[in-house]
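Below, each structure is written out as structure tokens.
First chain A sits with chain B, and in the next complex the same chain sits with chain C.
Coming up: the complex of A and B.
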């Protein structure tokens, strides 16, 4: 006996399963999106954050001829401590009772722009160190710490050059890597931002 | 007559349905591939744009700092001290860029300095730079304590002019040099001086009362302009207070620096003229 019903039922079954699969994938994609999920739809937000971050660093790193930039001034005056945002101030980590807090050009701008928009952020520095008579980049050191960034965090950076005439604060770990000339160090400031 | 049982129509419908679903899936996948491809390209070039600008900026600043430090120390090893600092900078900068997978090489040409070839009084110091330009704005005339042009050489038959303009853009003072005379003009358009000069003096100190620059002090903040800067070359130094802050505008030479920035995707060579000391 020749009958095509089995073939038809099989094909219908395949078509139905494909439809179900598409529906399930679509439903999972739609419901698993949280603000911290890295996905193609967060690209626009990342791009905006990058522009915002670069603008902040560009503004801080501008200097008239004969003057130091605000960013350089802040790095020179950093005391080597790590600070965290407590909702009002950037206070010294592990010393919450202390009135010691970080208030400079950088924190003023971060507070006015990033804190007001609910953007989590941290600031790190990398500088050159002498290790066994070889000059190498240091590991990242936090100036402002705000936990571990999410997958869609954006990093913007700026490099500055310090001279011997740029006197740094006590406790500042940025050393003079070149005693033979007026070059003190090359410092990279990294601003990490992410949406909460 | 019995009913004709034929399932061809059902097969055709199903086939059409499955083809439609296949098309939808293919379109969605293609869209994703194109989108991710674009993102990968964008991600690869985004970093470099900012890195390049930053590299040019810190190289320019370091050249200026090294020049100022070397000339402050003075002595016979001025260029040696300058080169030592720049060599240290060139050796250490690539280590910072290597963290991002970029390679950097910086070379410097100080031929203009070694051969005492002064820069044109144009915007960027190059012969083809803007000839008419603003040196500084918002200057408090009475605060200007240095206003000098040194080692000036003017092209024969061409004029060279320095001008102070008020906030509306009107000239309140100017000095123009031609082949035989200098002519000072103040706001009332009366010529205060037209002393013959031949040749042009090497060092022109415009603070000197004979040039009447201070006569512009009663007209509020001024902008200092250079006109026909391409007709002459030399050095200049202007110092005073502008917009409530001390300002320094000074140029001895133009030093050319070439920076090479390369990643696994591309390599860029950039030569930029740097005006020193600042």
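Coming up: the complex of A and C.
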């Protein structure tokens, strides 16, 4: 029971277990590659997402001469509410009755492409506002909300110009910023995409 | 006292402890190396080259060769140009025309020649058009998909579709 080694074995045991724990923690930290982890291997995925997002906005913003683009129609007809994907429809936040859902050219394309490929997405708009006689960009407002994007999220954007003849629907916060000209507002539509 | 300690020491199964410790350590090392190589996979073989080639070809195709008049660089494709490209310019049965088109897409040079397959796919997944040679099963393939709007100004037709460019 009594020898001259004192607590040598206990110390060795503690030291060994601490080293092992450090090794295991280091190994897990170094290799835990989840789909949301930003890394060199996710660069290609990000560039694919960027191309896809830009293609979505490009195709929606195409218009024959003399006509409005689908994207412009969608912005004009937006009622100022925020919508959330519920697995079937983009329903109004805080009003879960399916009659209050957003169905337009943008949501049809997002549903057919991004939802089918499991790509999380949100749509934001920034428009101009008059504040103390100075025209400044508004804060970002969500049209479609899907939580906070991950570190490797990709943002693509498109600016559209609304004229006085482009009448917006009731509740739409985009106002006429210059009553002396034909310009109504300039709206930037941002599509944020990330892999879940 | 010394004799008693030698006979009945409290080391018990120290050897087993060491074996277990080494085993866990080696497993950790193996775990690290098993996953580390995944980080370098994109930089191995020629996967980068064919991916870049397919990206370049799809860009030339969508943004220049097939672009509808007045919409260069905006992912809008003219239906007539697409049909002409599919049926005539990218007709694999005529090798001269096929090679010339590959050259136009930057896939045919004195150093390296790629093959390419083009398919147009509706958003519901049905193949609308396909041209070029069959895709091989045992080679690395670089693929780029572009979402485009196919338009026909004279009829008013417009439909969103994916253009898939596969290069090997």
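Operating definition for what follows: the second predicted complex is superposed on the first by the 165 of 196 C-alpha atoms of A that agree within 3 Å, B and C clash if a C-alpha of one lies under 4 Å from a C-alpha of the other, contacts with A are read in each partner's own complex, and residues count from 1 in each chain.
Rule of thumb we're sticking to: a contact is a pair of C-beta atoms (placed from the backbone, for glycine too) under 8 Å apart; a residue touches a chain by one contact, two chains touch by 3 or more.
Small disclaimer: the values here were computed from a predicted structure and weren't measured.
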item: First (chain B), second (chain C), both or neither touched by A:64; value: both
item: Which of chain B and chain C A:15 touches, first, second, both or neither; value: first
item: Touching partner for A:30 - first (chain B), second (chain C), both, neither; value: second
item: Touching partner for A:112 - first (chain B), second (chain C), both, neither; value: second
item: Touched partner set for A:180, first chain B, second chain C, both or neither; value: first
item: Which superposed partner A:44 touches (first chain B, second chain C, both, neither); value: second
item: Chain B versus chain C as contact partner of A:54, first or second or both or neither; value: both
item: Comparison of chain B and chain C by chain A residues contacted; value: B
item: Common ground on chain A, meaning residues reached by chain C in one complex and by chain B in the other; value: 40, 54, 61, 64-65
item: Residues of chain A touching chain B in the complex; value: 4-5, 8, 11-12, 14-15, 18-19, 22, 40, 43, 50, 54, 61, 64-66, 126, 128, 135-137, 156-161, 163, 165, 177-178, 180-183, 186, 188
item: Complex contacts: residues of chain A adjacent to chain C; value: 1-3, 9, 13, 16, 20, 23-24, 27, 30-31, 33, 39-41, 44, 51-52, 54-56, 58-59, 61-62, 64-65, 109, 112-113
item: Of chain C, residues touching chain A in the complex; value: 1, 5, 9-11, 14, 17, 21, 24-25, 28-29, 31-32, 35-36, 38-39, 41-42, 51, 70-71, 74-76, 123-124, 144-149, 151, 153, 158, 160
item: Parts of chain B lying in touch with chain A, wherever the complex brings them together; value: 7, 10-11, 14, 17-18, 21, 25, 32, 35-36, 39, 46, 50, 54-55, 57-58, 61-62, 65-66, 69, 81, 84-85, 88-89, 92-93, 95-96, 98-99, 245-250, 278
